[in-house]
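Scrolling down, you'll hit the structures one after another.
The following pair of complexes shares a single chain, subunit A, combined with subunit B in the former and subunit C in the latter.
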Partner chain A sequence: MSEDYRSMWTDLGLDPEAHDTLLGVLGKAYGDIYLSQKDRPAGMGYFDFVMSEVHGLRIRELLNEKEAGRKIIGSYCVFVPEEIVLAANATLVGLCSGADFAMEEVEKLLPRNTCALIKSSFGFKLGKVCPYLEISDMIVGENTCDGKKKAYESLNRMVKNLYVMDLPQVKSPQGRALLKTEYDRFRSAAEKLTGFPVTAESLKESIRMVNAKRAAVHRLSSLRKADPAPISGLDALLANQVFFYDNPTRFTESVNKICDELKKRIEEKKGVFPEKTPRILLSGCPQAVPNWKLPFIVENSGAVIVGEESCVGERGTRNLTDESGKTVEEMMEAIVDRYYRVDCAIFTPNPERLEHIQEMVAAYKADGVIHYGLQFCQPYLMESMPVEKALEEKNIPCLRIETDYSMEDVGQIKTRVEAFIEQIRG
Partner chain B sequence: MMQENLPEILFDSSYVSEIEERVYKQTMEQRAMGRKIVGIYCAFTPKELLAAADAIPVSLCGGSEKPFPVAEQYLPANLCPLIKSSYGHAVADTCPYFHMVDFLLADATCDGKKKMFELLQRLKPLHLLLLPQSPVPEESLDYWEKELYKVIAFLEKNTGNAITQDNLRKQIQVYNRLRRTVENVFQLNTHDIPWVFGSEIDAITSMGGFECDIEARIAEMETAMEKIRHRSLSGRFLAQMQKRPKLLLTGCPNTNKKVLHLIEKVGGVVAAMETCGGLKSTGRLVDEGDEPIRALAEKYLNVACSCMTPNSQRIEIIGELIDRFKVHGVIELTWTACHTYNVEAFLVREAVEQRFERPYMQILTDYSQNDVGQLETRIGAFLEMLG
Partner chain C sequence: MKFAGIDIGSRTIELVVVDETGDIVLSVQADTGFDPMAEARRLINGVSYDRIMATGYGRNLFEISFDTPTVTEIKAHARGARAFFPEAPAVLDIGGQDSKAIAMFANGKVKKFEMNDRCAAGTGKFLEIMAKTLGFRIEDFGREALHAQKELNISSMCTVFAESEVTSLIARGESPREIARGLHASVIRRAVGMINRVSSEGDIVFTGGVAKNPCMRFLLEEKLGRKVLCPDDPQLIGALGAALLALEIL
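Then we have the complex of A and B:
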């Protein structure tokens, strides 16, 4: 990698050696897991490039944006509205982290029994290996699950620019009102940060831009209904992950290009796996880069993943924001409406999620559901048993996997997944 | 576990059993006459409202590990023991209190509880109170006040009794008196030499299950205090107490008493408890001069529970208690898989060690007896260090 990036990373305050280690691991995992796949769509070349430059070119671009006067806002959650960020002349980047790092340091600050995602986000900070975190002018934490909301109190000691957003726990008129208040407060904070007021024009444009990005992902998802599957679940997951990092317009174009290619593949009945390969829907906790463990296991055990009911997936992208609003106030209401529908397990009760899982099973013709729970994630693990029961009552096979980011349980998970796929084959 | 090795102990679990028996009988009589029984799970539930609707509150947090196997058929094994125990008892119908309950008032506090309530509502009518997640913004208080109005509507409908201002004012006074009395019991330990064991305080201040006659309990607490004062006249007793380091116990609710009892068995005195049943919720009274519902909202929003963010109030309370009770060290009890207290423990340790300059120890455990030997050694070493 060029020396040029090296000084950029040091300037950002990264630890050069630790960062090299991380990039080494990332590069190797990407090679083993992604580049080894057969018959990938040519359009995935774009994502290969993005991943190879995820700490390089993309960071350079963001630095250029900053020089031109834009601000960068980092977020850990799909409840942070990108529309507002863009309209205030800032760029949103995802900070969710998907690998263990500096665990010894992390466990001085957080209980060992904390979900891997939260620990990882601390690890990336403590290990000084995440350029996105360092480049951010504002970091938004949200009161979602207990683990996260309490962890932000400690994170607040480690970063200077943490902004905490409250969220409702129940979908009631009061809950919606709370979300509205918080989004208004966030809008003011973003405006204050950038010095740019959110106007009706800028908000309208950003709503359109983010909707276009979501629409491209919807298009990609609907092509995955085909049998044989035209794209692997791993590759589709990657697109969903890059959704959080990339320049929105370029991302939209690239996904649409892949979709054109997939459309042709479907017409030619070409796929990445043979026809009648068992089809799996993944449902549960988010999978942040480079957490590719479970999809890798599934797709190397004779099944294909056809959908992700996840924040990094359809839960995060499925709803669009209504574009008909004229005033800032009307559009803010539309944004609140849109995010209020996200069926995250932090809400109680959360019956929409179960409905959505069933809809997805039908739409993507999935043969079974694998429920992916991160160890110690109470919201999703608590939902996993009722979800499993409900699905089984409808004769939809379901397998509950509870895991973390370590590789120790790969063999054990593979055995269980293989048995599950056997069961589906019947 | 029994309280072992405690000199001249006056109040133990048999004292509590007697109260429980009496209260149970009383409640059954009143129930037969039509009073409703309401199960609650949390210090955030304003019991004054229940009492004003002539209902009888009963706290349902489970303290035993027996119902775990049945709970684990519905809940992940890796969950806080309090939640598993409460749910297991309920679903297996092994808790006489739960059995008697007409309906439940549950607060959306931690993730584990709030998701558990989704299952619990299949067993009994349940009204969920939507707590704000932060006590800080002004809107939180208005929001919470509105929630209390919903509780009132729910209670009036389900008990058939109207909650009048007069009634409510009266109940606020009763519960304030109860809080003051509990404070007074603890107050006995503010002398340099502690007068009463934490496990005794736990027995003395226990409600004994159903809260159907608070006045009687207050009177009994007064009598107990007299006995304690009397015991403190004994030079021999004080000499023994003087040898014991004074501790503040903080953290998760003491639903299972193993840690409390271990600390005292090993030679300490739990002089103060910053926990839900203890000093966490008694320090601040409901303002009797204010409009009653607003006053209740204010009081109950400010329970310094770790499910709130930020929860800096708790650190302040801990600091005050350290000073007031002149404790030598702080022990924090966190139940396994309780994320809120476990994560917050980092901030508590930092404050105790650096700001309040006292030794701190965290005990992470569950309801099982497996680690008792190991805990005894650790606590012993900690007490030794306190000198």
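Then we have the complex of A and C:
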């Protein structure tokens, strides 16, 4: 990358050497995992470009937005409503949390038995390697799991602009009321940050923009029902990951372009894997860039991933926001309705998630489910056992994998995944 | 025609050759050592077969070096166990560095499996290190433990922690035999948990090098409360399964 970016990174307060190391690892992983795939859709070239410029051109764009008076809001969770952010004339970006970094420093602040995702978010801050974090005018934390909500108390001492959103843990009228109160409070905070009041007009436009982005991803998901699969699970996951970083309108166009291409592939019965390749639904914890470990193992062991029941996937993008509201209040209610349906494992009880897993198995004609749990992620690991039991009662094979971002267990996981695929093949 | 199966494990490599009817015509074994592919090459050198299938943790390396099909240890053990005990619905395999419980459908296909992750807890390697700590030869370890008067409770499953627990028990004056018994029991408790998660009833076929240990066989049957079946040479079962799968490939 050019020197131009180098001064930009230094100005943002990144550690040049550590950042070079990160980009080196990321570039190599991307080459080994993504570029080595066969028969990728040509439209994936866009995502290759996005990934090659993920800390470069995209950051430059965001800096330009900032110069033009827009604010950047960073988030760690799909419960932070992008509609409200955009309507307040700000841009929402997902913050980095998919790789181990500066672990010795992290473990001075967090217990060792904290999940890799939380540790990673601290590592990117302490290692000074995440430009998105440094560029953000506001960082939104959210009270989801215990690990995250307590970690934000420590993060608050490391960043100057942390905003913590409370979230309900029970789906009840009181729970919904809390979400509404918190979204109203967040709207005021965003307005205060940007100096732009959220109007009926701006909110309507932002709901449309985010819905269009989600609809494009829904279309992509729907095309993955075909056998042979027209796109790899790795590539579809990448689209779901870039969902959190990219300019929304450009993202929507690019995904739709890939969908047009996939539609043709399906008509020609072309796929990235042969017909009748065992089909896997991944379900569980989110997979943030560059956490491609499990999908890489699965798709290099003779199976294809046809869906992600995950925050970086269908749990995050399911359901559009109702666009018919006329007043800000009506549209705020519609936004609350939409997010209130997210079936995150922090809710108790959370029966909708199991229903959705089964719906997805049927819709994508999955032969089995691999439950992906991050070590020490209590909510998803707790749910993995009843999920496995319920699926097996319906004769849907299920494999529970519990892992982190390290590579030391790749051999073990590969054996288990291969055995699971043999089991599916019968 | 002859069909071979090679099981490249973390501690040993086994090669089994079967004829068209599935009868074993040859079986050999070697230590894995530091260069598994050189050992594997030495084992197959001069052995004639028409098709070979690789299994074990070294299977992918073997696949690259010899361009052969592979199968996981799980499927290989399920198939190999069935050759001796076609009615048994489950297999427990404890090898050098991993352990697995496998449940099968009536037709022998794998229904569900569990595998230990990451470390050597509850495996042959664990027993080997503990035998050394207590001054037993690995061949005598099980027999000595079997003759213990009582069973001490060992709580650590981690090899490193268990070693210090053992050291403190020795310092307390406990007898090595009884400590050995406690160590065997702790491995079995873990294995029983794994079996119960995949299979709730019926006989269990016990395979892998650890199945040669009489105390492990005794305790498994006692603590599981189900009949434990053990083939004559339990260490060969993975390679035998691979050979039979090579035979059945088409």
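Everything below uses one rule, namely that the second predicted complex is superposed on the first by the 425 of 426 C-alpha atoms of A that agree within 3 Å, B and C clash if a C-alpha of one lies under 4 Å from a C-alpha of the other, contacts with A are read in each partner's own complex, and residues count from 1 in each chain.
The definition used in the following text is that contacts are C-beta pairs under 8 Å (C-beta built on N, C-alpha and C of every residue); 3 or more make two chains touch, one makes a residue touch a chain.
For clarity, every value in this text was computed on a predicted model and none was experimentally measured.
Asks: Tell me which partner A:E392 touches in the superposition: subunit B (first), subunit C (second), both or neither.
Replies: Second partner only, subunit C.
Asks: For A:L381, using the defined touch cut-off, is the partner it touches subunit B, subunit C, both, or neither? Pick first, second, both or neither.
Replies: Only subunit B; A:L381 stays clear of subunit C.
Asks: By residue count, is subunit A touched more by subunit B or by subunit C?
Replies: More residues of subunit A are touched by B.
Asks: Going by the contact rule set out at the top, does A:S7 touch subunit B (first), subunit C (second), both, or neither?
Replies: Neither partner.
Asks: Which partner does A:T114 contact after superposing on A: first (subunit B), second (subunit C), both, neither?
Replies: Only subunit B; A:T114 stays clear of subunit C.
Asks: Considering only the touch criterion stated at the top, classify A:R416 as touching first (subunit B), second (subunit C), both, or neither.
Replies: second
Asks: A:T199 in the overlay: touching subunit B, subunit C, both, or neither? Say first, second, both or neither.
Replies: Neither partner.
Asks: Using the superposition on chain A described above, determine whether A:E408 touches subunit B (first), subunit C (second), both, or neither.
Replies: It touches subunit C, and subunit B stays clear.
Asks: Quick one: classify A:G426 as touching subunit B (first), subunit C (second), both or neither.
Replies: A:G426 contacts subunit C only, not subunit B.
Asks: Taking the two structures together, which residues of subunit A meet both subunit B and subunit C?
Replies: Touching subunit B and subunit C on subunit A: residues 402.
Asks: Once bound in the complex, which stretches of subunit A touch subunit B?
Replies: Against subunit B, subunit A makes touches at 109-111, 113-114, 143, 145-147, 149-154, 164, 166-170, 172, 174-175, 178, 181, 345-346, 348-350, 375-376, 378-379, 381-386, 402.
Asks: So in the complex, the part of subunit B that touches subunit A is made up of which residues?
Replies: Touch list, subunit B to subunit A: 74-76, 78-79, 108, 110-112, 114-119, 128, 130-134, 137, 139, 143, 146-147, 306-307, 309-311, 334, 336-337, 339-340, 342-347, 364.
Asks: Quick one: in the complex, what on subunit C touches subunit A?
Replies: Per the stated touch rule, the residues are 57, 60, 71-75, 98, 109-113, 115, 117-118.
Asks: Using the touch rule from the top, collect the residues of subunit A that touch subunit C in their complex.
Replies: Touch list, subunit A to subunit C: 392, 397, 402, 408-409, 411-412, 414-416, 418-419, 422-423, 426.
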